[in-house]
Amino acid sequence: MDDKIINKILDEVMKKVNTEGAKSSAPATANFRSSSMTEFVGTAVGDTIGLVIASVDSALHDAMGIDKKYRSIGILGARTGAGPQIMAIDEAVKATNTEVLSIELPRDTQGGAGHGSLIIVGSEDVSDARRAIEVALKELDRTMGDVYANAAGHLEFQYTARASLALEKAFKAPLGKSFGLIVGAPAAIGVVMADVAVKAANVDVLGVASPGKGTSNSNEYILTISGDSGAVRQSVIAAREAGLSLLQALGGQANSVTKPYI
Amino acid sequence: MDDKIINKILDEVMKKVNTEGAKSSAPATANFRSSSMTEFVGTAVGDTIGLVIASVDSALHDAMGIDKKYRSIGILGARTGAGPQIMAIDEAVKATNTEVLSIELPRDTQGGAGHGSLIIVGSEDVSDARRAIEVALKELDRTMGDVYANAAGHLEFQYTARASLALEKAFKAPLGKSFGLIVGAPAAIGVVMADVAVKAANVDVLGVASPGKGTSNSNEYILTISGDSGAVRQSVIAAREAGLSLLQALGGQANSVTKPYI
Amino acid sequence: MDDKIINKILDEVMKKVNTEGAKSSAPATANFRSSSMTEFVGTAVGDTIGLVIASVDSALHDAMGIDKKYRSIGILGARTGAGPQIMAIDEAVKATNTEVLSIELPRDTQGGAGHGSLIIVGSEDVSDARRAIEVALKELDRTMGDVYANAAGHLEFQYTARASLALEKAFKAPLGKSFGLIVGAPAAIGVVMADVAVKAANVDVLGVASPGKGTSNSNEYILTISGDSGAVRQSVIAAREAGLSLLQALGGQANSVTKPYI
């Protein structure tokens, strides 16, 4: 049997092997991508799920420590990602009559170096909570755009010209001012990015967080900045260039999870 | 060469590929499933190991802060699972002359969203500690029965008609009363399950835990309930139905780790 | 077509499948193993990266809480490993004019049971910080030598005849005295190793750490010891023998990450 035939068989087989491999790591969930429960709103990248409770049970209100005037709550939770979800909720509360009740950061990312998230918004009317979660789920595709990952770690960048209530709650971002977020994992890379960022433009440092302080023991170093919109953007972009160079030196090509927006 | 032959080869190859794949993810450990050390008791699902120390060294007694009247300790530790191990130890202390000395919850599950566990029981006589660990290892197959997992997360449910000392220590469960545990990961799903559970029957809320409070930063929302045995069971079952619908919408089919018992 | 031919094809295919499999789990990073940034020093085992900042920005100095007399900092960060990196930095500060400014332990190891690390050293002159990180990166191959891992967990052992400033900062090791570190994951195995260690030789217990106390919720039990050099070494070796027997009973063959040195 000549090599041509063997190669033809090889090609066929490799095609099939790769298809089966893909299947096993991402199971055939097509049939499942919905739930008949009225609480279900939708899903998004990062194993993010959006949910709503129209009328929270009184016992749960007490246990959660939520003011009873918020009859309805919207819930955004994810295995992978905290910054992107907080940014998405920030847009959602701008667009709806809701309030951010709590932001919690599990140590997650499914074996990765960072956080997952559990964000709860409250409203008097369920339609507001539902609308907020819908907006957030839609925004996630964008806010995941400047997340870059490879086998060794990840980088995250966020930028907005006008911070709203979710960013204020999570990062003490001044309301209505420009805000930037720079995250590097492993944390060592984040330290260098922070230095590059503050040297690149005249910005105000809101804070830093590290594995032992301000994170849930994630392997991240996080810088948050505020200030003039052009300066914040310039600072974030400089950090991104530095971070990509370092993360790729450690673990190879690091691609955007969706599509860069900054 | 016709397609039939190629398909026959493909089948053979895929059989071989899948076998090799299975081998590499579950190494041939048959030869290892025991240890000659007298401390070794056994292993169980969830990378759980059971161990015993007949006579704890005095220096370790001090460092661990364990009362010296407990000459012997039994140790149950796992990479995956805390609730199932606590339930199993609860049965073990009912059946033996031992006391639960400590329950610690690492953030683990090997890249998953939850906890592992380290549980230590004490006794004056080594045979009691050993017996307790043996009972617990045996119970684990049952208490893992209402753990359901897929690539996106997991759910856990526990129910007992009569809580004992391990559940009292871990969750402040009233002794001798019915107890239920409801866990959802990612945490967002757990919030909805908690609401469904308290609405489904007249139960007392013992507490809730979340990524930022009461867990080791796991991506779980946890509800513990007590009350009339029938009501607790009904409440847990309602939560299970809701949770499966939501987790499967996020990540596809979620099967029991062993065999459901509730 | 006879079986011989099919087998020949199978062999060819399996060779190719395995090559592609290896590729996908360890992406072709050859082109990336460096960075043009002046901050980049190098990489090492455990997804460890070494970096240096010649002149830390004043705003970052403040945010990090670092004394401004340390104009330069060296940064050693890793996804996998804390003990090996601390040991490596301990040698580095012995050999250079630098000080250990901070040691932080993220809960990491990329889905494993332990920690990653972020260690910062300071110097007045950048050449000292750079040299320290170079020394540490070189040492890592050795200090990873008594780390043993399988799918169920890992063990780590460290020993030095003479502890220096990094071990003092991280573990309160007495300066200039012999020091030993014994780590077992899942934590249950570490408890038994601790008992074996203190029984094996006359050593001083510096401390223990567990999932709920002294770790970042890792699934590890950690014993640190000090004392006569021969006794410390004997104690560590006894614990290693016990730990390997138990970890292998749980998860099969556990090999050294590099090459044992103790």
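Remarks
Per-chain numbering from 1; labels A, B and C assigned in written order.
Just so it is clear, a residue touches a chain if its C-beta (ideal position, glycine included) is under 8 Å from a C-beta of that chain, and two chains touch if they have at least 3 such contacts.
This structure is a prediction, so every number in the text was calculated from the model and none was measured.
Judged by the touch criterion defined above, the protein chains are all mutually in contact, each touching every other. Residue numbering at the chain A/chain C interface overlaps only partly, since under half of the positions present are found in both copies. Remark: chain A and chain C have CA centroids separated by 29 Å (rounded to whole angstrom).
For chain B, residues that reach two or more other chains under the stated contact definition are 9, 13, 17, 107, 110-111, 217. Here chain A touches chain B in the complex through residues 5, 8-9, 12-13, 16-17, 20, 25-29, 32-37, 39-40, 43, 47, 49-51, 53, 56-57, 59-60, 62-64, 73, 75-79, 102, 104-108, 110-111, 116, 118, 120, 216-217, going by the rule given at the top. Of all residues in chain C, only 1, 6, 9-10, 13-14, 17-18, 107, 110-113, 150-153, 186-189, 191-192, 194-195, 198-199, 205, 207-208, 210-213, 215, 217-221, 223, 242, 245-246, 248-253 touch chain B in the complex they form.
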